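Structures for review follow.
Next, two complexes with chain A in common: one pairs it with chain B, the other with chain C.
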Partner chain A sequence: MARSPLCTPRDHLLSRRQWLGATALAGASALAVNPLTIAAEAKKKGKQVLFVWLDGGLSQLESWDPKPNTPFGGPFRAIPTSVPGIHISELLPNSAKQMHHLALVRSLCTQDNSHSAGVERIQRGDPKNRGVTYPYFGSAVAKLLGSGDSGLPPYIHVKPLSGGFMPKDAGFLGPKFGALALGDGKAPDNLLRPETMTAEEDNERNELRNLVDQRYAENRRTNTMEATRYVFNMAAQLQKRRDLFDISTYSPKDVERYGKHEIGRHMLIARRMLEAGVTFVKVSSFGWDTHGDNFNGQGSLVPQFDQAFAAMISDLHERGMLEHTLVIAMSEFGRTPRINGHLGRDHWPEAWSLAMGGTGIKKGAVVGKTNDKGTFVATDEHDIGHLFHTWFRALGIDPKKTEYDNEGQPLPIAHEGCKPLTEALA
Partner chain B sequence: MPAKPEQFKTVKEHGFKAICFSLTLRPNTAKVVFGASDFKVYEADFAATKFEPKELYGHESYVTGVALAGTKIVSGGYDCKLSWFDSAANKMIKSETAHGKWIRGVHASKDGKTIVSVGDDMVAKLWDAESGKLLHELKGHAEKTPTNFNSMLYAAAFTDDGKTVATGDKVGKIILWDVATGKKTGELEAPVFYTWDPTARLHSIGGIRSLAFSPDGKTLAVGGSGKIGNIDHLEGKARVELFDVATSKRTWEHQSDKFAGLVNHLQFSPDGSWLLGAGGAAEGFYLMLDPVGKKSIRQEKAGMHIHDVTTTPDMSTLYVAGHNKLAICECKG
Partner chain C sequence: MPRHLVLTLLLAFPAAPFAAEPLSARIDQLISAKASNAKFSNLSDNAEFLRRIYLDLAGRIPARDETARFLADASPTKRSKLIDDLLNGPDFPTRMSEQFHVMFMERLGDHADWSAYLLESFKKNKPWNQIAKEILRADGSNPETKGSSFFMSKRLEHYGQQTVDYSALTRDIGRLFLGKDLRCAECHDHLFIEEYKQKDFKGLFAFVQNAFLNDEKTAVVGEKPMPGKVPFMSVFKKIPKETGPGLPGGKELEVVVFKKGEEYAKAPDPKAKSPGQLKFSPLTLLSEQVPSKESPDFARNITNRIWFLLLGRGIVHPLDLHHAGNPPSHPELLALLADEFVAHGYDIKWLITEITRSQTYQRSGKLPEGVAKAEPQLFVTSLEKRLSAEQLIASFQTALNVKADPAAKTKIMKAYANAPREPEDEISPMLKGALFLLNDPLVLGWLAPQPGNVVDQLSKKPEGELADEVYLTVLSRKPTDAERQTVNAYVKKHEAKKAEAVSRLVWALLASTEFGINH
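Our next item is the complex of A and B:
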């Protein structure tokens, strides 16, 4: 099965200069959302999102929709959760205890079974084709909710391997709404002022830059310069918040609770970013595409996710942050019920699951169900467009009334043919 | 008549409703006992006019190891339980949680007196086959991989004299144990069987999946897969390594030039002149190797990913368990 090309480290190296370049090149088409319909209320309440992306495809049968003792069920058992009647895989014992904060959707039926198409389609919400590239959910939220008062970038992506600025996430919104990726949770390269430069010299340099910017802006579009200033301001803000990246300040107890493995460390960094007020924090985990040796693969990955995810849900609840934070954990598709000759599971967009919780989401809800063997959805099928409607509504944004303004072209923020899953909404 | 690997042929394959993970042959018969992914243990007679596996009893998850101790069947599975079943009386003697995590294999010593079970709690346990009494817990394999994932303990094998047992784990470590005392007597390293992907998936695959001692106990064969490029798939070449037990040195490494996948079963011929390997990925394979001349004798495609093989004492007849199939093969002149 073909995989999407993986980004090379060069693609994602970030410096303030590169960030500036990327933004300026695209003209920073800072497209205004209709001011009359923007979710001002949500913005006031400081809504946030934690988006956990399990790249390659979490097996629904080894997670949220187990079918034990059936032909395709695999070896794992189902366990009860804190919500009577809801059972999930035994690989998720910690998440099971948090189920009263969560909702499950077991009726996902999406269309693409390749990574290259599925990743994009799912994260862009599969709007109708209007000749533009829609933003990823993170960029959309960054645009619609803004940065809040944190002064930090609105869309931060904690991911394995390399970091950098990811402008392509923003689609037609322009790179200003791309993701700032923290490779392995670390601060962007060149974030801090070099030790060889004094603060005074740095200020002088910035003054010179401002002067050059002003002259450059005289014959250029205003939004280009706005984007430029935005990027430099963000870099300056990040320099002030270097504490966010100082892992020595994490509580050893929290490090243990989240797990010393990668997703544990990254989830803990994500919590700090949310606490600091970042609007949208995405945490990615790689290695979930278990075509071969699925049970050993998912059996080693899911417990790590479970430990970190459950710790996060518990902490967000204890801090009162679930009241204003939407949490989503998902992949680009599920995995085949049929167990292949590699003892693996292949790609399966026909019937899969996700978990979500927090603001606007009905606690303990389960939407839809699959048939006894887990092969197909037995109730109404739901595509990603339905989820985008649901998530926007959960964030207080009405997708029926809110539009993007693409230089005069009104564009819906979610597929018009879909609607929210009302049974999942609080 | 000694088996002739050059004459290998598949006699018959039988479809089965579940994945067959392990099997063992009842002496002097064509009857095998096997464990499957439908959580059950079956008996099947390859000599019967109609091939109809009969259900004996069940586990609560995949049954991944079966061994015979006289009339007793000892089975283990992903439910972490070892079951002792009296097949003569058709009665369960006992079923107990024997490991803290999945049981990966159950093997009997050649004299049938000792059973070894291995599990993902990274412990190998020696049991008295007759009484079911735990003799020794063999602890020495690391619970975590170097990158902090849970490790797995897949393989075990006795020497023919039953005095030594070897165990092999996911990261390629093999430990030799003295059966009488339960003490560690040696360690071998076979890291090529373990693939960690540091650049794309940040995950691992592979591991030692099979072990076998030569009849004189001087050579240990180790099976699995070679390094894997894309760890989403079992695409590494089928791999066998030989070690000199006395020196812990690797004496031969062989990778199939024809088949990819895991070598799940290894077995020396009674005279040590050839070595059988079997396993698979999407499809299966049989490898017939010359461990003395260090060369391949023959490679044959199988009709399924093979998980286990049991043979007549002379290895002229092979009974094979695999992905939704059971098969009988011969190496006769």
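Our next item is the complex of A and C:
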């Protein structure tokens, strides 16, 4: 999806050349405050993140904040959940049973009404404009928590359509912290070694290649050689874990439980990635922009999400992984209470919801509420900056004490005008 | 020339110090003057120069025999002769048309007429001001220049519910023709760059806001009559303003509004898919205003971009941020290049000749003794340059003596090209490229020993020649003793399956950093 945000010019970006120039110092760069301590802590706890992105805008009224029997409520009912007092849409029957692992935020009030601005703004946490492009949450976590010892890239994005390495997510952190996208959930192109080649032959040719590179760089600038080595190493790591991408080894029961639809398949792949130790796994689902025929649209999409999401929560809990995994499900905005002439709902950043759970999050919490018609937030409004503070806290990172170091420029990791939603923190 | 002498000359004759000398020498003098105490790298050796100049001017590595011939040539003028030969050779127009395609279309798409137009233009060595004029006029009705409209027509397409992105078109004209990225000045004066004003963005926008895509297939662009000035308002200070078309920092042009029904010199003809011709045509104005001597940004931008293509870094860098806060590394040099380029009739070939003849271009990429880090903006050590997918295709073909069919070319493009709108102006090794080399059957198939192919021929060479032949063929140089030893030992280890071992050796060289970039 091509997006051209208004204000991310090239002078705001840390250039790749600068990154290449800085790889010698990699690891230590772009983090001012004791990165080693954070990384060590994280490793000890094995903190991970599952980030489910419903691109185009999940309708809060057909999900976490139903308003049945009101002018804008639509045709769906509300149902009780495993937490007394919390009701959600009947389109989420499975998630309702997992509610005791989750928390809801019903007081989101963000600013951008367009996809192009909203997606970027939300995922970058809307920091104050300092003339730099901030990293997406995934790249931020990849930087702050590191890749652990899984040997896999720290940030994997399971998404529909095309895949590949997406350096742009990383903003000023530099391309290294970009996302490895698995297009249509599939392994990157050319992941598998040809069957005619033995592992030994493969090793030999790569040793020869490394030797050629080493000799080339002997009396030259070494940046390019190092960047080349980095991508070849990543290729080798992925190849070692190619079992992760082999869907035929997935249990048929799981495939059934998560659903054979796209988000079901992708969520199951995401579970594998989390089990393999990937720090940040993002699952994207497209097609949520229901300007027309909202009730059939959300009516068919929400149950698919519900099936996959609830299966994931249940599995993470059973495996003890919710203890160290932060789970978030959200969009770039909600949908208008007003139902338009095409029986659709349009973009609504004024009052919408998200679900989260897992490590650091208070089970069964509900933050904020909307007014009776669901048109506006009736309690304190919360912008994305508050959520970034909350999530970092949940991961054991103190946004007040941790900052990025962008080539000498100290930058806060979350908007300094915002603070965490303490009522959602465990 | 010793540096202190240059400095003395500079001090002694500050006004017109080197009027009679060729531009290439003046380039070196200005680079030396700025370098101050920085150590220079040696001049490149012949093999280093040969590979670099082939990639830059022919878009491919030299073939094994071309390398051997050049290395054996004892003539002291062989470098300038090679430069002239390549500039007048069959590969130069192809190379330039591909590079300009990459730079100006930024992988947005391809069109056969556009490729043909660029190729023809470089075959004729058309002056840059003429090419730019034709591209910006985007006139599909003239059969001579019809492909030129693709720059504009592609950017006037729209997808699904998305409207035509006129802001992006405006931005691209500013960036690519004038070296100014006005993106942040669309909604307000630029917050950090003093001279990028919202009026500059809107003035440029006014030229193109009424253009439309008349026919996608033929890339014909039309214009609706301009109703008047473009109104705008800063998102910070809500004061209504308006502007007619104008270049950034330049004069605002008058908008001539004709009565309804009288706007056209030639009426549109929907049957013939002709958009007609307006009496007041902003695109015509744009095509006259941008490539003119009154627009200093125009010559500075293209000379800086050609310098970047050959030297690996712009004198102004990034290429699209010409402004006072981002000054040129060598202000006099950029001014000199731009002035001389204009004086020589915007002759790209001439400019390339002068730059490539300079010692600055011909310097080695190896660091001077005792130097760990050379400042890139001083140009004291040659910089590495990215190879485009097109250069890689041509170089694979040359090294392996194969012909890539269209499917093979598409594969290589996919593995090495950037996503649309991402300028390919930096070296950035990518995972997809590594996986392509490691596992894709295409290159591995070319490398599998088969009777008569390169690997087969190489593996039949006697031990004394094998390493030299492998290196000459792939890396366009002779190996060092240590490299000879590595090759011989490896082949010896696999004596029973020598051809397969040679195949892996050739692969290792093809997949190396040294092959994958221009250094």
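Miscellaneous remarks
Just so we're on the same page, the second predicted complex is superposed on the first by the 358 of 426 C-alpha atoms of A that agree within 3 Å, B and C clash if a C-alpha of one lies under 4 Å from a C-alpha of the other, contacts with A are read in each partner's own complex, and residues count from 1 in each chain.
Operating definition for what follows: a contact is a pair of C-beta atoms (placed from the backbone, for glycine too) under 8 Å apart; a residue touches a chain by one contact, two chains touch by 3 or more.
Since the structure is predicted, the reported quantities are computational estimates derived from the model, not experimental observations.
Once the two structures are overlaid, the count of chain A residues touched is higher for C than for its counterpart among chain B and chain C. Judged by the touch definition given at the top, the superposed model places A:A276 against neither chain B nor chain C. Once the two complexes are overlaid on the shared chain, A:N190 sits against chain C while remaining clear of chain B. In the superposed model, A:I79 lies in contact with neither chain B nor chain C. In the overlay built on the shared chain, the residue A:G164 is in contact with chain C alone; chain B does not reach it.
In the superposition on chain A, A:A378 makes contact with neither chain B nor chain C.
By the document's definition of touching, of the two partners only chain C reaches A:A217; chain B does not. After overlaying the two complexes on the shared chain, residue contacts for A:L411 are found with neither chain B nor chain C. In the superposition on chain A, contact of A:L425 is made with neither chain B nor chain C. Once the two complexes are overlaid on the shared chain, A:N296 sits against chain B while remaining clear of chain C. Applying the stated touch rule to the two superposed structures, the overlap between the chain B and chain C interfaces on chain A comprises residues 6. Residues of chain A touching chain C in their complex: 2, 4, 6-7, 9-11, 15-17, 20, 129, 131, 164-165, 167, 175, 180, 188-194, 201-202, 204-206, 208-209, 211-213, 215-217, 219-221, 224-225, 227-228, 230-232, 234-235, 239. Contact residues on chain C toward chain A in their complex (touch as defined above): 165, 167-168, 181, 183-184, 186-187, 191-193, 318, 320-321, 326, 365-367, 373-374, 376, 381, 384, 414, 420-421, 426-436, 438-441, 444, 480, 482-483, 486, 490, 500, 504-505, 507-509, 511-514, 516-517, 519. Chain A meets chain B in the complex at residues 1, 3, 6, 56, 69, 71, 75-77, 160-161, 260-262, 286-287, 289-293, 296-297, 299-301, 303-304, 339-344.
Touching chain A in their complex are the following residues of chain B: 17-19, 37-39, 60-62, 78, 102, 147-150, 152, 197, 199-205, 230-235, 261, 280-284, 304-305, 323.
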